[in-house]
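In order of appearance the chains are A, B, C, D, E and F, and numbering begins at 1 in each one.
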Amino acid sequence: MVNTVWIIKRPADFPEIEMLEDEDFIILIQDAVLRPLSDDKNWAACKEDVEARNIRIPEDKCLSYEDIIDIIEKADKVVVW
Amino acid sequence: MVNTVWIIKRPADFPEIEMLEDEDFIILIQDAVLRPLSDDKNWAACKEDVEARNIRIPEDKCLSYEDIIDIIEKADKVVVW
Amino acid sequence: MAKKKVVVLIKSNPFSWKVFEALRLAVGASMEHKMHVVFIKDGVYSLTDWKPQLIGIEPFDKSIEALGMMGAEIIAEEEAIRERGLILKKWPAEIKVMPKDDIAELIKDSEVVLSW
Amino acid sequence: MAKKKVVVLIKSNPFSWKVFEALRLAVGASMEHKMHVVFIKDGVYSLTDWKPQLIGIEPFDKSIEALGMMGAEIIAEEEAIRERGLILKKWPAEIKVMPKDDIAELIKDSEVVLSW
Amino acid sequence: MNLLIIMASNPYSHDFNTVVKLIEASLKRNHKTKIFFMANGEYCLLREEIKNLHEKGLEVYYCAHNAEQRKIKPESWAESSSMYGLAKLMTEADKVLIFD
Amino acid sequence: MNLLIIMASNPYSHDFNTVVKLIEASLKRNHKTKIFFMANGEYCLLREEIKNLHEKGLEVYYCAHNAEQRKIKPESWAESSSMYGLAKLMTEADKVLIFD
């Protein structure tokens, strides 16, 4: 069960630490994929946005748009940052 | 005689130091007025953009749009950054 | 089909049309939902005595007044105001100044968060 | 009424329509002027093997080819490429890699600078 | 689920691509999918992609005030609405995403 | 002087306000003042402010390709042009400013 899903659009433009909970999940889209996160966070990236920018992100961190929709469906709430 | 006039729109988004010459002149407009420059640079700010944001910038550093047009006319060239 | 707890989170400065539109949305949504309009980061400039007309933007006063009448809560981030050295204007509705931690709690408790 | 020395300076990344439009402008202007298209900062991503179609943007190849045919110079900032660890794609025109200092000189010498 | 997307970004933006792709995926998953255009998002009503998505099942609404202000005359497949209409759409929605 | 402004930003932006104010000032100073709309700047052709400035002497041009792409049909006070047309305008201009 995912708590809040945060969709991040811009590199280095994140909700502040007070807002993030351990069970939250971060999805990087658009230019945010240019700066992948460290492994201590729950995160993944939009596969098409990664491939479009020719960036290397591990396959298991990449989500199709349908994966993203499934995560949105299961989330408690979704915040597009 | 002004060399190049640089019109800066965003705070902290400047041409790099290599590009600026001593005789160049910097005009801050839009949100760039939120971060005034230090006095070792040739600069001024768009008066209306300053007043709209309720920022304190010395009167002698503030330009009307007509002042800006006059500076553009006299400049060698103008770069909107 | 129930009334929701909604946060309209304003993090951009008000010197373009963005925040004006965000407030219009907040006013509309407050007719149906429990509305919290929360100004954080550069969003807090919205509540100072700035002059929208000088840059071709409509003033916010009517929207703020409508939010107050509709029982929406209007909240400004304490740290953001302090860091920027800002003074809030007197608005036609109550503005609550709140620390970051409490704002984080409010966001956690809400069902819909619309960030601008 | 003379031919001008023009620099189209691309400092934004190409993942929106901005750079595509900048190149269209550069192609048009190179019919009349001495054109230099200079990619600096995040602009250098434009010249890598990225995939515009995946994000709904038209490819740049035709514009780059046209610039080459029209005798425009295409220049990429050496430091920007290195800092980002990028590899440039093979394009249908010559791309000159140039250090910041030389790019600054080029800008000083030009009559019109259009920055994107 | 009942997914509502509020679109306030202009049609030649990162957000436009994201929104189109998310809607395609949502429709493939058979979710009830709605979009509400406001502010500079109104200009998106002029793009073919939105019409095509409507034909695949996307319900399209827009803020009539913003459209008029921008002199946009949407076609009849888009439904004229208001900020109060948006509030109602939010009531019915399981998830609300905003792009601005 | 002969001032040319290239406008590629959308009409509800910081740039729109700046451009309108600069043009007003330039016309007051009796400078020959021209604007060329392209990309998302095309949407500015739908704003009254531009028409009013045209009536005060502003010469208005636009990229026909971008207008068609965005389904904008400018009124007759705006002159249909192209990127090659823009190159010609640049030849005549003393100063060229771009807002994007």
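Methods note: a residue touches a chain if its C-beta (ideal position, glycine included) is under 8 Å from a C-beta of that chain, and two chains touch if they have at least 3 such contacts.
Since the model is a prediction, treat every value here as computed from it, not as a measurement.
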Third chains touching both chain D and chain B: F
Chain A onto chain B, rotation angle from CA fit, given as a multiple of 5 degrees: 180
Distance between the centres, which are taken as Cα means, of chain D and chain C, whole angstrom: 41
Inter-chain centre distance, chain A versus chain D - centres from mean C-alpha coordinates, in Å: 31
Between chain A and chain C, centroid-to-centroid distance (C-alpha), Å: 26
Touching two or more other chains - residues of chain E: 12, 14, 39-40, 96, 98
Multi-chain contact sites of chain D, meaning residues that touch two or more partners: 15, 17, 55, 112, 115
For chain A, residues that touch 2 or more chains besides their own: 30-31, 48-49, 77, 80
In contact (per the touch rule at the top): chain pairs: A-C, A-D, A-E, B-C, B-D, B-F, C-E, C-F, D-E, D-F, E-F
In the complex, chain D residues that touch chain F: 1-4, 6, 17-18, 21-22, 24-25, 27-33, 112, 114-116
Residue numbers on chain F that touch chain E, as the complex places them: 10-12, 39-40, 43, 46, 70-72
Contacting residues of chain B [partner chain C, same complex]: 30-31, 34, 48-49, 51-54
Parts of chain E lying in touch with chain C, wherever the complex brings them together: 6, 8, 38-40, 66, 82-88, 90-92, 96, 98, 100
Chain C contact footprint on chain A (complex, rising order): 4, 16, 18-19, 21, 77, 79-81
